[in-house]
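Below is the structure I would like to discuss, written out as structure tokens.
For clarity, chains are labelled A, B and C in written order, and residue numbers in each chain start from 1.
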Amino acid sequence: MTTTARETVLGRIRDALALSGPEPAPAVPRAYRTGRSLPDRERLDLLVDRLVDYRATVRTCTADRTAEVIAEALHAHGARRIGVPAGLDEAWLARYDGEVRRDDADVPAPRLAALDGVVTASAVTCAETGTIFLDGSPDQGRRALSLVPDLHVCVVDLSSVVVGVPEAVARLVPERPTTLISGPSATSDIELERVEGVHGPRTLDVVIRTDA
Amino acid sequence: MRIGLFATCLGDTLFPDAVRATAILIARLGHEVVFPPGQTCCGQMHVNTGYQREPVPLVRKFAEQFGDPSIDAVVLPSGSCAGSVRHQHPLVAERYGDAALRDGVETVRAKTYELSELLVDVLGVTDVGAYFPHRVTYHPTCHSLRMLRVGDKPLRLLRAVDSIDLVELPEADACCGFGGTFAVKNADTSGAMLQDKVRNVLSTGADACTAGDSSCLMHIGGGLSRIRSGTRTLHLAQILASTRTSPHAFPKTEAATR
Amino acid sequence: MSSTFLGMPAAPPRSPYGTGNLRGERKFPKAAHDELRNEQLRRNLRKATHSIRAKRLAVTSELPDWEPLRDAGAAIKAATMDRLPELLEQLERKVTEQGGTVHWARDGVEANEIVTRLVKETGSDEVIKVKSMATQETGLNEHLENQGVTAYETDLAELIVQLAHDKPSHILVPAIHRNRDEIRDIFRSAIPGVDPELDSVPAHLAAAARAYLREKFMTVPVAVSGANFGIAETGTLSVVESEGNGRMCLTMPKTLITVMGIEKVLPRYQDLEVFLQLLPRSSTGERMNPYTSMWTGVTPGDGPQEFHLVLLDNGRTAALADRIGRQALHCIRCSACLNVCPVYERAGGHAYGSTYPGPIGAVLTPQLAGMDAAKNDPNSSLPYASSLCGACFDACPVKIDIPSLLVELRHQHTEQARATAEKLAMKAAATVMSRPGLFTAAQKAAGTGGRVVAGRDRKISRLPAPFDGWTDTRDLPAPPRRTFRSWLASAEGAAALRAAAEEGARPGADTVRHDHEEGNR
């Protein structure tokens, strides 16, 4: 009988634990901040501060102006042909006069490179770190859609903005493919100096709906 | 209080002035200095170099010499030796000692202090009545800072010194590169660290660079001496022991006669 | 065989000697000696480490619960190690349930073979890679090349290193030893079709990398990644990155192969709330890194439709078997310890000879690969490559007590060594010092000898080997004529202490003020 790598590794771990002492690790102290809440205004200010720090473009509006502000954002970056997830609210693009392609999983992902930009909704956002979470819901689409085009216009509803990381993680659905986005792509690989815009979208434009 | 003084092997042999200043300071503060004559070395160099069996007799000697319950506190004019007693002696005793040694170590480590801890925490004093009319910069030393966590106690003591011109040392918390046998085993890297420390010391224009550990001062002083700088090194105790009545006198050196 | 059969636990093996990238060719002091002479390298390192230190301090000190987060991170890791077998089995079950395939690799050689086979099964002779310490450790790229598969590193720094036929020198920023002008030169000579006028503006260099790799992302059908975390509870894997090359590799190809060290597993999805705060702030000094991807097996219609997870031992179980040393497995590869280390700052990462440089490398490498596997094993010098200044311990987000681990590994090394000259000297010194009579005699001898060597200026400027390194750059004071104990025993000493006591007791002048009286300041 040959021993599999799996059996060998698990056996080694058990041996290692037997050798390094059976003292059980103490309970995990979770004295860090969780379950925080802040009034709308403060969450909004905190989030905007963080996004601006990452050099994302930030627009705030009320829900009734969604289409207007999205069109404004797309025009500002000269996007003539955009992609949207299959489940994105059609009304959001009512004021946009460019070409709109609804995404379809059958379209090979490299074809997305032909798009100038993409508009998506978002699942959760963490104000303290300025992090937007996409979870592949129908209004956010598959991961490649918000990755390949060079412009990402992302709609964030203030009601989905939580204060900190623990509050955000608590709202996630683990099985969904989840992408955390904190500003445009960046690198610090050259002399540890931050440069925005490498492989992900070089422009992140966040539309925050303050009453949604 | 009866305060046991551990001179440290380095202090006793190479830097007796620093230990002498510690004794005088404690006496001036109204406490009795006890010097158990059987003391030698804490064994820090052994442990830091990888030897834990060899220093067992040293650990035992320390516990025996200072275990006397009539000694209220033990002071070491060295952050790294105090760190060794507090953190390494239990390790050595646990691994290679017997139950008696473990008990002895536990008793003595609980009353062992580095100089600034003794003054501020035990004796409750920051103004020790010192007088030192010179420009001084303070190097915090790694083991005082990060092993013993003495914080700003030494600086509080220095700020209270009459007529002192205390200047901040740039990149003060950076290691000087001593590290015991590190300075010999990795002499090049150690030398590069020292070079930066010396540059920062010189940038302050201080007459003296002070610290709570003669070993780091020996290293920094060795670098300052090599480039014939006029800046000397002086143990914290020597500044705190200096008074208007008996002020510290810098010894004349060739560089100092500028 | 394991304890299940024999009832006696066996010490797990280290990473096999001569494989992978866990051992350099020279001992640390020798390698550092040469690296220190590279002025450009020292300037690059100083600039980079100092700037990242300031950023890290700013974003860690703004969190009032930074210390509780560190405590939680340390405790989660410790608890994980205790439950490693069940957590790995749970991870395997969950990944499999979600459509992934799990492989186990006893060592780097086996991991390389598994990955190569999986790549070949896709029919591709190219693979795109997102920065992975595990595959750097196993030497996967070299193995793939031997098997006729071209690996493209897509992380900017890894790309720089790969194009220059260089080795990484930092965990997070593998090209930290290169400055912008050097990078420009590397790109000009190694990127096909690059603008010959390319300048050294970082944004332009990043754009050149983007253009070069874009085509690879769109066409290469298989990617290899590492993983920052693997969640046992859900089977979720995670890659933390900045540039989007990670997202590209994890999303665009048809097949994804992830190589993960067995110690990277975390019990619960909720644990991410701790590590997603600790890691970015400690590594790049950002509140959050630009991108983090989390995926669970295969998602129909989204991303790779074939997913393989390779769980790697390669000496990790050997480290786990050590009561003290196993802490090194808690490392989350943030590299904060490198950035604060005065030794790393001077010597650079190459001097350590391993995929894992800096303080964590000095304690991890010898445990993964051993430090006595060969005569004069270069790894045996790593635990000594530290002044024990403790800056690494303070910076570590999961509170690995690196100084204590270094001291422990030094001890293990001296225990393994036979009667060396150093050991005899240490023993002799301890014997002398444990007998006050002998100690006093030795003090006298050293004093006399030292003063003779020093001569009239009372300083020693040249010492024989092995102490000559000291006197290359620093003097040693000659021992004074009188030791402290002889002064104390003298009439002069007694008089001085008496006078000091009287001075302190004298009313009026220079009285000592106590904090108790004036309150705390």
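The rule is simple: a contact is a pair of C-beta atoms (placed from the backbone, for glycine too) under 8 Å apart; a residue touches a chain by one contact, two chains touch by 3 or more.
Keep in mind the model is a prediction, meaning the values are calculated, not measured.
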**Study point:** chain A to chain B, fewest steps along touching chains
**Key:** 2
Check your understanding: Which chain has its C-alpha centroid at the greatest distance from the C-alpha centroid of chain A?
Key -> B
Exercise for review: Measure off the straight-line distance from the CA centroid of chain A to the CA centroid of chain B, and report it in whole Å.
Suggested key: 53
Practice item. Would you mind pulling out the distance in Å between where the CA atoms of chain A average out and where those of chain C do? Key: 30
Revision key, fill the gap. Counting only contacts in the complex, chain C reaches chain B at residues 28-29, 32-33, 36, 42, 342-343, 346-347, 383-391, 393-394, 403, 407, 410-414, 422-423, 426-427, 429-431, 433-436, 439, 443, 446-447, 457, 459, 461, 466-470, 472-477, 479-480, 482-485, 487-488, 493, 496-498, 500-501, 503-505, 509-516, 521
Check your understanding: Which of the residues in chain C end up touching chain A in this complex?
Key -> 1-4, 9-13, 44, 47-48, 51-52, 64-65, 68-69, 71-72, 75-76, 78-79, 81-82, 84-85, 88-89, 98, 103-106, 110, 154-157, 160, 173, 175-176, 179-180, 183, 202-203, 205-207, 209-210, 213-214, 217-219, 231, 233-234, 236, 242-245, 247-248, 250-252, 262, 269-270, 272-274, 276-277, 280, 284, 286-296, 299-303, 311, 313, 317-318, 320-323, 326
Check your understanding: Okay, in this complex, where on chain A does chain C touch?
Key -> 3-21, 24-34, 50, 53-54, 105, 109-110, 113, 126, 128-131, 136, 142-144, 147-148, 165-166, 169-170, 172, 174-193, 195-201
Practice item. Enumerate the contact residues on chain B facing chain C in the complex. Key: 7, 9, 11-14, 16-17, 19-20, 23-25, 27-30, 33, 35, 37-41, 43, 45-52, 54-55, 57-58, 60-61, 88, 120, 123-129, 131, 142-143, 145-147, 156, 173-175, 177-195, 218-219, 221-223, 225-226, 241, 243-246, 254
